[in-house]
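Structure record follows, encoded as structure tokens.
A, B, C, D and E label the chains in the order they appear, each numbered from 1.
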Amino acid sequence: MSALTDDTLPVTPRAMRDEMIVFAAMALLLALVPFTGIYPFFVMQALCFALLACAFNLLIGYGGLLSFGHAMFLGTAGYVTAHALKVWALPPELGIVIGTAAATLLGLVTGYISIRRQGIYFSMITLALSQLLYFIYLQAPFTHGEDGIQGIPQGHLFGFLDLSKPTVLYYVVLAGFLGGFLVIYRTINSPFGEVLKSIRENEQRAISLGYKTDQYKLLAFIISGTLAGFAGSLKVFVAQNASLTDVHWTMSGEIVLMTLVGGLGTIFGPVVGAFVIIAMQQYLASYGQWVTVIQGVIFVACVLTFRRGLIGEIAHFLRRSL
Amino acid sequence: AQDKTVKIGALSDQSGLYADLGGPGSTLAAQMAAEDSGLKAKGWKIEIVSGDHQNKPDIGTTIARQWFDVDKVDVIVDVPNSGVALAVNNVVKEKNGVYINSGAATSDLTNAQCSPNTVHWTYDTYMLAHTTGQALVKAGGDTWFFLTADYAFGAALERDTTAVVTANGGKVLGGVKHPLNTSDFSSFLLQAQSSKAKIIGLANAGGDTTNSIKQAAEFGIVKGGQKLAALLLFLTDVKAIGLETAQGLNFTETFYWDMNDQTRAFSKRFAERMKNGAPPTMVQAGVYAGLLHYFKALDALGGNPHDGVKVVEKMKAIPTDDALFGKGEIQPNGRTIHTAYLFEVKKPSESKGPWDFYKLVGSVPGDQAFTPLSESKCALLKK
Amino acid sequence: MADAKLAEAPAKAAGGAEVLSVRDLQAWYGESHILHGINFNVKAGEVVTLLGRNGAGKTTTLKAVMGIIGKRTGSIRFDNQEIIRASSDRIARKGIAFCPEERGIFASLDVRENLLLPPVVRPGGLSLEQIFALFPNLKERLYSQGTKLSGGEQQMLAIARILRTGARFLMLDEPTEGLAPVIIQQIGHTIARLKSEGFTILLVEQNFRFASTVADRYYIVEHGKVIDGFANSELSANMDKLHTYLGV
Amino acid sequence: MAYGGICLADEFILETHGLTKEFAGFFAVRDVALKVRRGSIHALIGPNGAGKTTCFNLLTKFLKPSAGQILYKGQDITAMQPADVARLGLVRSFQISAVFPHLTALENVRVALQRQHGSSFDFWRSKSVLDRYNGRARELLNDVGLSEFANTPAVEMPYGRKRALEIATTLALDPEMMLLDEPMAGMGHEDIDKIAALIKRISAKYTILMVEHNLSVVANLSDIITVLTRGQVLAEGNYADLSKDERVKEAYLGAGHG
Amino acid sequence: MQALYAQLLVGLINGSFYALLSLGLAVIFGMLNIINFAHGALYMMGAFTAYFLLSLGGLGYWWALIIAPIVVGIFGMILERTMLQWLAGLDHLYGLLLTFGIALIVQGVFQNYFGSSGLPYAIPDYPQIGDWRGLQGGINLGFMFLPIYRGWVVIFSLVVCFATWFLIEKTQLGAYLRAATENPTLVRAFGINVPRMITLTYGLGVGLAALAGVLSAPINQVRPLMGADLIIVVFAVVVIGGMGSIMGSIITGFALGVIEGLTKYFYPEASNTVVFVLMVLVLLVKPTGLTGRAA
């Protein structure tokens, strides 16, 4: 079997209690952010990417499927939400629902095409599909091509939460992130998650046991795409724009990078990875030209020296699943 | 006492496609503007920070927002890449800062998305299309064929140029839309060649433009008697293509280092401080000139530079006049107008130095080159 | 015809100098310590069989000799040279050939390519005709994809391809697994013939009945150690012990 | 379940007619008519390359027949998908052992139990609902002698144990009919006896079709044996008869037997 | 109609770049099981090496054609020895990520030193025989003006492609390589120095990328990002052709050039997307690509 699983699977049976404690600690820390003077927009952005990376991780870490096109969900949901808010003037909650639903639909279609392909074919076909979508968005009038959709109104969530107030927005984004995270966590630790793992391990055998593996993989793909889309919809409120960069393949690469840095197949790794990478982009911005080089070095270093990622290494050291 | 500290944020693409025409050079231009403003002597404290938006709108907006919220930046300059430029435009407006954009081509900045906090210096798509189209038709290039990048930017360039060409009695024989980032243009060039148009207009940018020029040379298009007109081209692009290939190419800029003694003097000082010894591009020149004008406004205000709308109003009130762009004005929609020039790339034999590339073919006064106020879709004008 | 060819091979080393001697061999898979000190030796021209229960460490021993186990300590001397630290390609070129338990047939190669894959390390190997005489099935399926062969055919192919290389020391890991009785008999003949021509063979077997028809000596492996050893002639005397060791 | 030959359609749980598989001109299986009696242990033997595994693959739909028909419990399953066939209660094991390497033995078995009892698509429920299968899973592991391996990842188990685990997993599906491809291959004697006893025991409940080269196992276990050579049925009968059959001796058993 | 012929020919020329690049990728994937994301960056390095040879060493195009693949190939072998080697036996994913990182580094460094707009490189104007000025100029074919350089590219690529195919599919070396992909441990245990062979193979694949880079330098701008976007298309070519299949990627490379050329003629807006659409269609019908071996 693939060495990916060798490295990433927990050495001891999952200790759900540990994980819940860590989760509570994480939620608490994040809830305190507005009182610390840390710049909230940075954290909000990181939260959106963290959710995105978690959604991606569901597919690779637990389904063994490396999607190199996850940016398409982020971007699609972003565009749809942005359009709904700006042009149709819908309230935020509807904008989010529509954007996320668009990602679900996209997941269904692209999943149907890609899921029956194995391993690296799957990566390549997702990459190609997202690139196809990129070119479509580049030319479609409603996305405004290179200029993107700008100046999106944030509005009032449920009519009373004023999202243009940073603190309100922050807690809304945080709630969205935690909700999405819990959905993923539950999925991993559900009967469905168990089947998913066995499919990753030995698909032929799973078939011979009577599992229609394509259906399971498709469902995993759709869940992952939906949550990635949800992250994209949330991000619209933070960035107040929707642009092509979110659909470009380099974004898909960044998602992989975040997950890898944090730890593929770990629960909390993608979150940590997303924060690290976003922080790097923000704070290394003054190093200007070297940012891509530094990113490249991190990729290489991760793959060569700590393949388990930050959280993965810690978990391995503690012999716990995190 | 008057508050006399200002902070300038040079937000640019430091590593990507636009790093050569903006990037570190723009930061340098901002520094030189601060030094040359003479404000220090008058008790001002000027600080400059720079950032890399990596051509991503959300990184651009986060940096901008953080600059305003945390670092207390007053003015953001440069910002090439239309997508990022428009995104930042919204942030500056929200935070009531000052935005002097010199790097972006989109004319939306002073039309549909204009803002009381924004000054758009240097150039825009309307001006490029207009100047190149008008000057070339007048010089006899009355039949056109377009190679257009297939997205909003290319379409805008083609549309605006077509309008000028026909208005001046020329004719558009056809065109072909190519996808962004095409590496091979031979198919399109063959179509352009067989159209027999006198002018082949390149309504694209960056690598697409340089590659189409290079391959046009290969297919003997210029030798065959047709002319190439690049609608958006920078000094650095010409350098990259090389004179051998680029010779005879027409295009518009609003600044060239070798225009007169003043531009030469500035460029010499600038080049000495650049890592690769390059003279300023028009974008970098725009950063310098735009900031100088901003400082003039501050000087006139005497202090308290933190109310963006007020500062921009002051900037609009003073006519512009600097060594690099000459005399001009900032229109109510935020558009700076100044003379635009049509250049042609020299033959290698005519070039006398490493950056001696252009010869001047014609010029169009600012009020004819840029969007007339009557056509501007800016909401600020409707007051 | 085949016999004539085999007869040309160098005569069997009389008395049998020690070809392989393994002392205190320890080996690890990652962190798990599998071999805890294996000691045995093989003399030239002998057929030596390692017996033991599932998971005793027989396969691991062969792999350690071949140099394809990450971490190993102790001493392995082949032809009086220490090879414990040599890389597996160098060990192979010294004249040891290995037929793995899982057969290792290459899917991207056809049968012929699989057969011709191992490079000839020294003269004296079997010719293709000799091999086809031993395993006629292979000749029939020569241009099939390697892994499209039936399980048993793959086993034949795996044995056949190392006979070509000229290596005089063969390590066969459960060569009869999954083979039909007729073929097992054939393999028994083959081993006997190879032995008579001076090949030295280290065999791992579960099929004790088969092993007893070809082996000169046995070693019993248990929990990563060699716990006993005796010659074929002492077999009947040791039958009881064998029962307890192997549960035969 | 079946009791004696009550009615003919019921007597044979699996039937094939003219089953043929051709690989680019090579007939791996040719015109095979197989009848497996309900409740019997039916062995399929034959020299290597005779087409036994191919036959299995055809029966379980991992390969599409070039021609012929497969009837399972009177129903034509020729055009079905592998997973559907498994759901009908026709489950196979693989010749090269097939387990989920990084799941523990217990989890391996549980995956099968879970399929059997549904809830496999529930991504919103906690997996602790699966704990109710633990008891049955342990029972099954115990049956194949793997109790002490319950928490060992399959990858770390010795070869023979993996085979046993595979059987336990197959049993977990509570199939009506099991196809076992060389279940004893690579096992030590002890294990062989264990598994043989196990097969004997479960044959009271299930119909078993197996491929096996270990003759003593075949002789002891099977009610009826079909001998396949070159893709075709050579002979059929019980062990005593077949071992006297010259053709079978020549093609399969070799000189030492009979 | 004549215009159509011209488009077909032009498409074929383009296809030769796809073929060369995807060939290199296929060699590396087929033999090392690595999706070489750095391929575009190495292609770019090939073009830059040609530029350096000319501007620093005064060595022209013909020299570059030989030296650049060797130089870049050696660089590739160093990469393999120092990094990729450690990934043997791991999931494909890691090779992809590592080479992705390498691509970022290489492109970033080049961008820092040479900017993003690129450097000029002219079509060689020697040897001069009679009226011929090297590969400059063109021939009027009646239905189109064919630059001589383009003709040269097609012929040269065909030769290189065929030679590589022969080496890998028809020689014993090729058999070693293919076997080593599946089970390097065992091949090594047969007495073959697998690590060295793999290093050389990576060098070969990388050299092919560099060669394509040199070939394209006179046509395309020599820019740090010249390979970055191309690479995705080339991936698609490799997938359509069947990953790891040498002949598949060659044929698909040329065919795709032609199809793209036709799209540029009939519906240019779609010429960037046609390859991806094609890929989806092919994979829907044939999961392993046109000539892929069964997974």
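Definition applied: a contact is a pair of C-beta atoms (placed from the backbone, for glycine too) under 8 Å apart; a residue touches a chain by one contact, two chains touch by 3 or more.
Fair warning: this is a prediction, and the values are worked out from it, not measured in the lab.
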Item to check | Chain hops separating subunit D from subunit A, counting only touching neighbours | outcome: 1
Checklist outcome for this item: subunit C and subunit E share contacts with none
Next on the checklist: If I average the CA coordinates per chain, which chain comes out farthest from subunit C?
Outcome noted: B
Checklist entry - In angstrom, rounded to a whole number, how far apart do the mean CA points of subunit A and subunit C lie? => result 51
Checklist outcome for this item: Distance between the CA centroids of subunit B and subunit E (whole Å) is 36
Checklist entry - CA centre of subunit C versus CA centre of subunit D: separation in Å? => result 31
Checklist outcome for this item: Among all residues of subunit B, those touching at least two other chains are 15, 19, 150, 179-180
Checklist outcome for this item: Chain pairs satisfying touch are A-B, A-D, A-E, B-E, C-D, C-E
Checklist outcome for this item: Given the complex, residues on subunit A that touch subunit B span 39, 41-42, 45, 135, 138-139, 144-148, 150-151, 235, 238-241, 243-246, 281-282, 285-292
Checklist entry - If you look only at subunit E, which of its residues touch subunit C in the complex? => result 172, 175-176, 178-179, 181-183, 185-194, 293-294
Item to check | Partner subunit E, residues of subunit A touching it in the complex | outcome: 2-4, 60, 66, 68, 113, 116-121, 123-125, 127-129, 131-132, 135-136, 139, 249, 253, 256-257, 260, 289-293, 295-300, 302-304, 307
Checklist entry - Which residues of subunit C touch subunit D in the complex? => result 32, 53-55, 101-102, 137, 141, 144, 148-153, 155-156, 174, 177-186, 206, 208, 246-248
Next on the checklist: Residue numbers of subunit E touching subunit A in their complex, please.
Outcome noted: 29, 35, 83, 86-87, 89-94, 96-98, 100-109, 111-112, 232, 235-236, 238-239, 243, 269, 272-273, 275-277, 279-280, 283-284, 287-289, 295
